[in-house]
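Order as written gives the chain letters A, B, C, D, E, F, G and H; numbering starts at 1 within each chain.
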């Protein structure tokens, strides 16, 4: 059986926000099922998707939504799979509406919320969670962390050179 | 057939916020079906409730919810009945989270949002809508408006007396 | 008698925000009386317009206004027709000023507020309300909802193809 | 002819907020016409009041209102008298709604806005304006300013004593 | 003696924001003394300017400032002339910082605050105040108000034509 | 080997906020290591704690912090274990500062953020994550979800009785 | 010569907010000149105070102010001494107004801003600055930091005991 | 020994924000050690950097960070050197997240926060602090202040000319 995450967006216009999540998941060898499902326009599909997610091999769900961002909460209502939410910077209010609609969930139904437009972190969090079942991811996460550090160190070195010149 | 509105709250703790709506609806002779239904904890009941609302004689739906207030949007997703939302002043952020989660709905699925804790206005709006089918409400709405004016006029008179004394 | 909605803007600069509402209303066969009326610059016209609205066949009023958005409230003060408000994203504060000025109405005088720049939903809400008097709209609303769902489903299918390729 | 200011509140519940304004105006010898007039519940009275204000000897208008605070703007729409607005700290959102509803007026119709619950300053501003017609107020304003300074100086002296002991 | 207003900006970069105020004042025949004076960089000039303002014939002061917008308050501290403040939409926070820094003045020292970037209204308010001393402005204010109404009426007429075609 | 979560607070004053998380974790049979560790006052202990967390059997970390809430981010910097953050409603700004300080993490270092004071959900999310390694938790999560639903259904029934009486 | 800090408040009502700063400074052996000086009510005293501060032995200035908190900026305008600002949680807006009025200073005139009601940190920052001239403070700062750590460690130990019992 | 400040950014993308600080420091003759160090990606380097800062001759630390801006706080946790924080206007929320994450530090660990993107002021504040040890900076600070005033005075003069022409 393969590692598998669903990446669900309420509108295809949110795809550019989600793409870094899809790429990051794949770079960790995680299968991605990318879907356009709207909590408001296709609520029955949302329900069918999430209630059959486990039997379809989906292990963790990443969602992105903007404005009155209900998608993550609606999916979380139907599952005990971890649901990760990416608030999308909407066309007004700078994404504060998306963030509050997503993070302020009532007791019992968590949505693991990451930063506004924070797709990269949604993927890393998903991989951290998957690593509980697939220990091989553990090492990759450490390598990824080391790479991030390496880039900072390189940027620091380049800055030193630049300043000297 | 009777005029009938549903008044739905996500948690019974929101009842005090909703009571003015229930009372106001009844004062207009509207039957009220008050329900505790959670979009997140009882999503299937929410769906059953709203998809059978019309055949159960419900004509307009008033909801109150706080924080990541998805209830109104979740019900609106399944119906073409008007859904009126009352953002509840939550325990943090002064109800801004509830307001934004409710009002910022995506195109196609409106929630008619009133003020934070604005149950009275949710009821009046419901009656205005019902008056399209029950013309007798029209007159009552005008009387109610006149009463509101009368109270302001009386308060003004009392203020004049108070100041003179 | 025809179905008829008024679409009122405080300034002609708000027309682009309102156009989706006008188009949507017309697509439902609703007559639209579009007006430029300012609560602050032409208050008497606002008053005359709204007090004679019913006898002029207007059944529901949609308004759009920005910043200290008083137009919806000023019209609602004079009528028992439903007044729907669209907060316009203003040149500063991202439309938060418009939203709060519109939604936070005092008890007795509701404004049914939709999302910032949410003209599409203002129209759908108006049609939902009109359907109480014109039952033929009911079916059209359901078809519109089905169309919205269809578009999401298609976007989902296209995404699957795109990903496979 | 006497100096005269109107002090208008949308609801008698705002009287405690306005009382410092009334007292301060009287301490400057300004006649005060205190009124309860609602922009939303008694719009015609608001209109009659403001269109006849000048002939009734009113020279400046102070208003206080909360939430979707339209009162100042509605009065300003009908007059060229200066209209001063006090945003009332409402029961939610800490008065930000009142402030934005009042201050963000469109070009041509100013509302001179003071601090949230800032009745004292509304009165002082009114007196500054009245001093253009009643030069005797000029001296009193300077004395008032001197008194304010004196109180700060005394508080400073008391603090020095307190600290020494 | 001429009617005279000072228009003071903290930085010449705020001139574009203030220009509509200068033009509007001049259109009413008000002399304008435009100044660049910084509360923070030239505090002594600010103090000299404002303490000698009256003897220099200045009757009302309009200021514009952004971010931690202290200019209006600093001038108001030294004078009993009316001080009108225009919060400038700053490079971050959408002008909320400027607005709050200007409007939230402590008791005794009012700043008559208008909308963010609301130079037009600052000028109209100044003229309303000046009209207490120069009654000829009264008529001009009414004409200006009528012109504003006329423009709205014309825009409304054009909209009707446009829609018919 | 036992299931084990660390529950870390920056100050013991945050214990009341965290207690529901501790109780909920224990109700699922998860061992809890509760710690007072400050990112700012005991940074070395924070570092030692988190770098040795895995070898000490800790599998998931829950943190609560208020104001400039750095604790979650500081721990996340050193580990690939999932870090869950609870923004604490601070003494000012209603917890918005805590929320933004926690959720707006840079790419690569996620903090799974739940609602302000949302300890219950932090625990449920931790259990969802642990269920990837301990499948027996899966059933318990479903039972917990069912219990939550049951409570809503009972509240709904009680409401019906109450209303009938 | 003694180490000396001025602690300046705009109103004696801010004394409770400032007291922790005064105590902390004294615990480091720093002389404190506590003053009530208002930027708005006693601007000349503010100016005299700050322009003679250096010759009076004052080396660093701590200020606290609320709402349109200009005091820090007004003092900073006149001196090159470091000015530290404590935004006071005001009676409305949770201190956001105070914070923005203080921190958003224009280029050239810094105010070193600490947390809302953050008097303790204002004192520590003042001591850090004074330590550049009085090296003996360096050791005391390290001891203070160690004490803070010790308290966290003790709280952690007590928590372990409490949980075991 | 030379005067020396560290200027630390979490990401090289923040360099443009920091450059005015670097230039300003150099114009005062202060040596600058510019570094890219991430609190989250290179926490150990951050710790090594700051714990050895003093012995490396660093006397004051300026940091810039955006979003969940922990860098200043993380460095301040390890040192008694003054840490100055520049909140970076992030890609969403206009820098409010950065500001609150930086300024709202808990008691004992101050971060001297300046305006959003306020690099110029971070440098001036650093020089003010350094002047406690290097008295020659005192005079330069006064000259810089005088230059700022001079520019305002020139802008004022140019404005007068411009207006006359």
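Rule of thumb we're sticking to: a residue touches a chain if its C-beta (ideal position, glycine included) is under 8 Å from a C-beta of that chain, and two chains touch if they have at least 3 such contacts.
These numbers come from a predicted model, not from an experiment.
Engineer: Quick one: compare the interface residues of subunit F with those of subunit G and tell me same or different, with half as the dividing line.
Structural biologist: Comparing the two copies, subunit F and subunit G contact each other through largely different residue numbers, since under half are shared.
Engineer: Using CA atom averages as chain centres, what separation in Å is found between subunit D and subunit E?
Structural biologist: Each chain's C-alpha centroid was found; their separation is 19 Å.
Engineer: Where the CA atoms of subunit B average out and where those of subunit F average out, how many Å apart are those spots?
Structural biologist: About 34 Å, centre to centre.
Engineer: Measure off the straight-line distance from the CA centroid of subunit B to the CA centroid of subunit G, and report it in whole Å.
Structural biologist: The separation of the two C-alpha centroids amounts to 49 Å.
Engineer: Give me the residues of subunit B that touch two or more other chains.
Structural biologist: Touching at least two other chains: 11, 38, 41, 67-68, 93-94, 96, 103-106, 108-109, 111, 115-116, 145, 148.
Engineer: Once the touch criterion is applied, which pairs of chains come out as touching?
Structural biologist: Those chain pairs which touch are A-B, A-C, A-F, A-H, B-C, B-D, B-F, C-D, C-E, D-E, D-G, E-G, E-H, F-G, F-H, G-H.
Engineer: Using the touch rule from the top, collect the residues of subunit G that touch subunit D in their complex.
Structural biologist: Result: residues 11-12, 15, 34-38, 41-42, 45, 67-68, 91-94 of subunit G touch subunit D.
Engineer: Show me the residue ranges of subunit B that touch subunit C in the complex, using the header's touch definition.
Structural biologist: Contact set of subunit B toward subunit C: 20, 59, 80-82, 84, 99, 103-116, 118, 120-122, 124-125, 128-133, 138, 141-142, 144-145, 148.
Engineer: Please output the residues of subunit D touching subunit C within their complex, sorted ascending.
Structural biologist: 10-11, 38-41, 43, 47, 67-70, 73-74, 76-78, 90, 93, 96-97, 100-106, 108-109, 111
Engineer: Given the complex with subunit E, which residues does subunit H contribute to the contact?
Structural biologist: Answer in residue numbers: 89, 94-96, 115-117, 145, 148-149, 151-153, 155-156, 158-160, 163.
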